[in-house]
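The block underneath contains the structure these notes are about, expressed in structure tokens.
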Amino acid sequence: MTEWLTTLTTATPAEGYDLAVKLSRAAIRMTQPDAAVRDRLRPEYAEDADSLIAVAQVVATHFATIAAANGYWRTGS
Amino acid sequence: MTEWLTTLTTATPAEGYDLAVKLSRAAIRMTQPDAAVRDRLRPEYAEDADSLIAVAQVVATHFATIAAANGYWRTGS
Amino acid sequence: MTEWLTTLTTATPAEGYDLAVKLSRAAIRMTQPDAAVRDRLRPEYAEDADSLIAVAQVVATHFATIAAANGYWRTGS
Amino acid sequence: MTEWLTTLTTATPAEGYDLAVKLSRAAIRMTQPDAAVRDRLRPEYAEDADSLIAVAQVVATHFATIAAANGYWRTGS
Amino acid sequence: MTEWLTTLTTATPAEGYDLAVKLSRAAIRMTQPDAAVRDRLRPEYAEDADSLIAVAQVVATHFATIAAANGYWRTGS
Amino acid sequence: MTEWLTTLTTATPAEGYDLAVKLSRAAIRMTQPDAAVRDRLRPEYAEDADSLIAVAQVVATHFATIAAANGYWRTGS
């Protein structure tokens, strides 16, 4: 599991956001490696407002890291 | 979904705040792509104090990133 | 709603803290624009210890941003 | 209420920690200005493990800000 | 318990992520040193969506630290 | 209570982590100074998965501060 993430550099902020979503999901996959269990849990959080907000918080934290890694994409893509 | 966010630069802090709200909602949209479900969940959090505070926490995290990206708008807009 | 926040610069840390409180409330106002609903929710969180602590967390996050924006007010006010 | 906090500079990390606790409480005081209500809520969180942990999270966030403001007290006090 | 973590430097972002997971678990191990209790608790959070999201939040916070420590792996691995 | 923390500098990341745990507990001790109450609460969180994860979040926040204070221990110890 050490080749799934080779760089934090992305061409655009939108791609950086996609990467933040990917990083958020990775921790859940590592803590619950059984895909069948994860699939069963999905409706539990995807249809619960508070769970969705909590997911958004994790994504926001990773996006902060990725944005810093990319110098905030200040000089364009 | 890779063109919705092209820059973190905004003219003013208020526009930066609007962008933070937009970034917060994006994670929810990506985790629950079904607009009908999201609409059904909306009153659940928009009329719950704790949910609203949790949303504010996500916005605060994104605003920190955007403020840093804009050099805190120190030299004016 | 784009003129309510023109700068993150404040004269003192205390004014910075007041601004952090203002930024915290803004997300709630944007997510629940109906003032009547917000008024109804107010006692719900203002008299609940956990809600108050959650509000304090949002304020702390915004205060971090504002403090950085002001160079931590190191050179006096 | 604009003179209660004039500087983030402290002589030692321990004093910085005390200030972080003070900043954490300030948000609660501003959100619930009625001292009688706050006194009534105190046992509710001071005797609840999860509330105490949540308070510690707010303190940690403010301590990060104060530590940065003091250059992490690297050159001694 | 002072030799389990000798460096925050990793060769790749993926290894940095693994280290973030390790750091997240360390706090739980230190707070609940009894392995039998931790084993009993495992299904409780590994099969609960909100717990998994909370774990992901801790990992995200540690990953931010590790990414900064590695200069965001900007110059390749 | 102003001499318990004289520096954020540690020789190794592992010692920095121990300090992060210590800082996390300090806020709880300051908010609930009664040791008997804290002892009574201990099993409540040490045997609850969500409480343990919340503790880990506080530790992660303090570890970020301590890591920055130590320049991420980049030049060795």
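Per-chain numbering from 1; labels A, B, C, D, E and F assigned in written order.
We take it that contacts are C-beta pairs under 8 Å (C-beta built on N, C-alpha and C of every residue); 3 or more make two chains touch, one makes a residue touch a chain.
The structure presented is a predicted model; accordingly, all values stated were derived computationally and were not measured.
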Margin query: What are the mutual neighbours of chain B and chain D in this structure?
Written below: C
Check: Computing the C-alpha centre of each chain, which chain sits at the greatest distance from chain E?
Finding: C
Checklist line | Classification of the chain E:chain F interface as same or different, half of numbers criterion | finding: different
Next item on the list: On C-alpha atoms only, rotate chain A onto chain E and read off the angle in steps of 5 degrees.
Entry: 60
Next item on the list: Return the chain whose centre of C-alpha atoms lies at maximal distance from the corresponding centre of chain B.
Entry: F
Next item on the list: State, to the nearest whole Å, the distance from the C-alpha centre of chain B to the C-alpha centre of chain E.
Entry: 27
Notebook entry, point to check: How big is the gap, in whole Å, between where the Cα atoms of chain B centre and where those of chain F centre?
Noted result: 31
Next item on the list: Could you please state the distance in Å, as a whole number, between where the Cα atoms of chain C are centred and where those of chain D are centred?
Entry: 15
Notebook entry, point to check: For chain A, what residues touch not just one other chain but two or more?
Noted result: 45, 48, 50, 54-55, 57, 61, 64, 68
Notebook entry, point to check: Quick one: do these chains touch in a line, a ring, a star, all-to-all (complete), or other?
Noted result: ring
Check: Since the chains close into one ring, what order do they take if you set off from chain E toward chain F?
Finding: E, F, D, C, B, A
Next item on the list: Would you tell me which residues of chain C are touching chain D in their complex?
Entry: 12-15, 17-18, 20-21, 45-50, 52-57, 59-61, 63-64, 67-68, 72-74, 77
Next item on the list: Under the touch definition given earlier, write down the residues of chain B that touch chain A in their complex.
Entry: 1-9, 23-28, 30-32, 37, 41-42, 44-45, 48, 50-51, 54-55, 57-58, 61-62, 64-65, 68-69
